[in-house]
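Take this structure first; my questions come after.
Should a chain be cited, it is by its letter among A, B, C and D, assigned in written order, with residues numbered from 1 in that chain.
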Amino acid sequence: MTSSMPRGLTRTQIAERVALDIPDGAYVNLGIGMPEIVAQCIPDEKEVILHTENGLLGMGPPPPAGEEDPELINAGKRPVTTVPGASFFHHVDSFAMIRGGHLDICVLGALEVAANGDLANWSTGTGAVPAVGGAMDLVTGVKAVYVMAGHCTREGEPKLVTECRYPLTGKAVVDRVYTDLAVIDITSQGFAVRDLAPGVTLSDVAERTAAPVVDARRGSHLVDDTGFQSGPSSFLKSEAST
Amino acid sequence: MTSSMPRGLTRTQIAERVALDIPDGAYVNLGIGMPEIVAQCIPDEKEVILHTENGLLGMGPPPPAGEEDPELINAGKRPVTTVPGASFFHHVDSFAMIRGGHLDICVLGALEVAANGDLANWSTGTGAVPAVGGAMDLVTGVKAVYVMAGHCTREGEPKLVTECRYPLTGKAVVDRVYTDLAVIDITSQGFAVRDLAPGVTLSDVAERTAAPVVDARRGSHLVDDTGFQSGPSSFLKSEAST
Amino acid sequence: MIDKRCADAAAAVHDIRDGATVMIGGFGEAGSPTELIDALIEQGASELTVVSNNAGSGTTGLAALIAAGRVSKMVCSYPRSADSEVFAELYRAGRIALELVPQGTLAERIRAAGAGIPAFYTPTAIGTILAQSKPVRRFGDRECLLEHALSGDVALIKAKAADRHGNLIYNKTARNFSPLMAMAADTTVVQASIVAAPGSLDPETVVTPGIFVDRVVREERSPQASSPGVGWL
Amino acid sequence: MIDKRCADAAAAVHDIRDGATVMIGGFGEAGSPTELIDALIEQGASELTVVSNNAGSGTTGLAALIAAGRVSKMVCSYPRSADSEVFAELYRAGRIALELVPQGTLAERIRAAGAGIPAFYTPTAIGTILAQSKPVRRFGDRECLLEHALSGDVALIKAKAADRHGNLIYNKTARNFSPLMAMAADTTVVQASIVAAPGSLDPETVVTPGIFVDRVVREERSPQASSPGVGWL
């Protein structure tokens, strides 16, 4: 706990925070980029099965240098390994897992998240070549959609907004957002702050969010607004029903 | 060749006649009942791959007594074997072969065939329990639909009719009919006799068919109307484009 | 830790409710999960809708479930059998409903439920009495029916081998509908001849990945079982 | 006798016509049929519509086909690549068309073509710009898009092993779109590291049954090839 200026969490710390909320036994898809770090943060005592949409359930960590197999890769096209109990399958079976509602959680990056759960994460709408990949399938099919992103862009623009300006990946699809500053649920009341990073205050978050935020921290009326409100264990308990 | 009363072909002889028309390399589904006999009539010099819709491509002959495997059966639920190059798959992949137009030929039984190719072969419309199995999928999806049936019912009623009275399996789906009396194509002109069983005349066929028949035998205007008009080899040649 | 193994078939089917839709794998005898069906009979759930290719044969398995009066509706392609009158008698007496579905459409509808496809078009059954009341749309020169996904509350299936993750392989033509039903049911229960450690099954040859499976029971009556256990269920 | 083996890649792709729709397996490099693509470049067909998850990377394979100006349209989910500007430059110059399809919808559309499904409904892409001009229908509480089957004149795919019937197995995540494309194309051409006798592949573990395959070429550049053959294509 520090009372200095809010620095927020590092990328790895955000990934650790996400990993805390993934229950034992979950089937999880991690998006390309920052969400990939989550794989390394899942504690040994949890058995979490990672899915990669290019046809593997039971993805393991990257192989040692020199042991890469160009035909054993993840959706980001990086070399991976398999864990015992893994299985390979073709693309339509892989997306049946996604689209048929069989995956418990996906963790995706974001350009913008709106207060109603709209997500924009595939196109800036500018001259760049558009590329959607499996993002629209994931947000539509997976039971819980988590976003992991910097709270603001590098230019300091809020990514949490009232309405997305970029082309949507899906409407009202996001369940929760993990940023360097906070864990924020999408609720019928909009952005609901569920947890704060150490040293970050609710007003730090509110100032950096382009939409109203409500305080939904466990027992938030009893304690001050710095630091994690609830220990990982109680937080996890509430996840069991996800 | 005999000039006595038309006896027509035995079931096995009809099956042999069907087998003559199946080209080397064909993928074939044989319906339950009489069509199953065709499997035994395919000459060794042809490699024909038999499909059974319960999940096997490369079906071989029944096993010797005592070697039956209750989990290796055909669509008629009788024990079968596999040939080298066989593969097992689940039902939706099996019916993708049928419905996706990948099978070359299916041979089915019939209650009635109409002159426009309508087929009724799954229900008599009476009190019996209705059971359709894969018949509607086969007639809709397979490239060439052959019917193999007695020319008349046991009561002497023609099975080849102007319009089916029984519930349809499919509309305008039959390509050719093999009976004890003749080989008959479904054409824009209706039933077109392409071949006659030994000792059977065109008028024998016409008398036992409840719709007009036309004579489409190769060189039929040059020869009398008894016996096979064309040798198997020329017949087969015309099959190459099927 | 992921461990989908159940102590026995009774435990694996204990929570099937009256009125549930139960998908039952198998094509005739091949792939029929008879131990799970026996446990379901013992468990007592009634007013079931059963989705299965056939409607039972002989007097055991699905035929016994039907004979016990537990099934109010069958969804199947071929409810006729040479060696059983169980379904036929109830059907003729108007005491069991039947939704007759072409076999390929049945398989595709089950898969659709598992794959998140609410409905699809097919030319199968166009122009037949099984097309009655279904929406028709033309694609190119073909008329097609709109067919809806078919899901289940529970699937009861049989596998050759499973691991504690629920990865499955099957035996020959016993595979049939089981991989599809595993995808389409809220809860998938498997009876397996062999229950092996994760890693025992080659990842290249797993047919049903564990994500589609919820409960695994080792067969009591399989050849692998010790003889005292046979038939005690 | 069924023998789908071709002498070489050139023979296997000789009849691909200008304007053809060519499905190309692979997810990035994994499963990319590079020898068949090289043969197609050599063969010269142009104005191609290519269906593939990506639009090439680096300067070889699909990127080379695109760079050679042979592709007038790409149908894919992810045409962006860190290490290639080939597609991007042509796209920005308006010299290549792009139909962008969500990856799961792309896979499902290809499968639909192979399975005789002319169209299906999916909630994927509802409310996005990729839904524009597509019919919408509500199922329960979900709006869905009507998506059409996507077929090919030719599929070029890579397998680990084949037999002369065309039965195939794949290697790890190199499987990806290839089994679907094999079902969806009029002519399916396979490059395989190993070409084995029928019966060499376990019937339980064949991934693509031979019925979906038309031509098989043994890889020249695979580890199994003798070194003199490497790279001569």
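Some notes on this structure:
The rule is simple: a contact is a pair of C-beta atoms (placed from the backbone, for glycine too) under 8 Å apart; a residue touches a chain by one contact, two chains touch by 3 or more.
No experiment lies behind these values; they were computed from the predicted model shown.
Taking A-C and A-D together, the chain pair joined by more C-beta contacts is A-D. Computed from the mean C-alpha positions, the centre of chain A lies at a distance of 31 Å from the centre of chain D. One inter-chain figure worth recording: chain A and chain C are separated by 36 Å, centre to centre, where each centre is the mean of the chain's CA atoms. For the pair chain A and chain B, the distance between C-alpha centroids works out to 58 Å. Counting partner chains per residue, chain A has residues 56, 88-89, 92, 95, 98-99, 140-141 touching two or more of them.
Multi-chain contact residues of chain D (touching two or more other chains) are listed as 108, 111, 115-117, 122-123, 170, 172, 203-204. Pairwise, the chains that touch each other are A-C, A-D, B-C, B-D, C-D.
The part of chain C that touches chain D in the complex is made up of residues 108, 112, 115-123, 137, 139-140, 142, 144, 148, 169-170, 172, 202-205. Residues of chain B touching chain D in their complex: 24-25, 27, 47, 49, 51, 56-58, 82, 84-89, 92-93, 95-103, 140-141.
Chain contact summary for the complex, chain C toward chain A: residues 1-2, 111, 113-117, 163-165, 167, 183, 197-199, 201, 203-204, 206, 209-212.
Of all residues in chain C, only 27-31, 53, 55, 77-80, 87-88, 91-92, 98, 100-105, 107-108, 110-111, 122-130, 170-180, 207 touch chain B in the complex they form. Contacts from chain B toward chain C in the complex involve residues 52-56, 69-73, 77, 88-92, 94-95, 98-99, 127-137, 140-141, 167-171.
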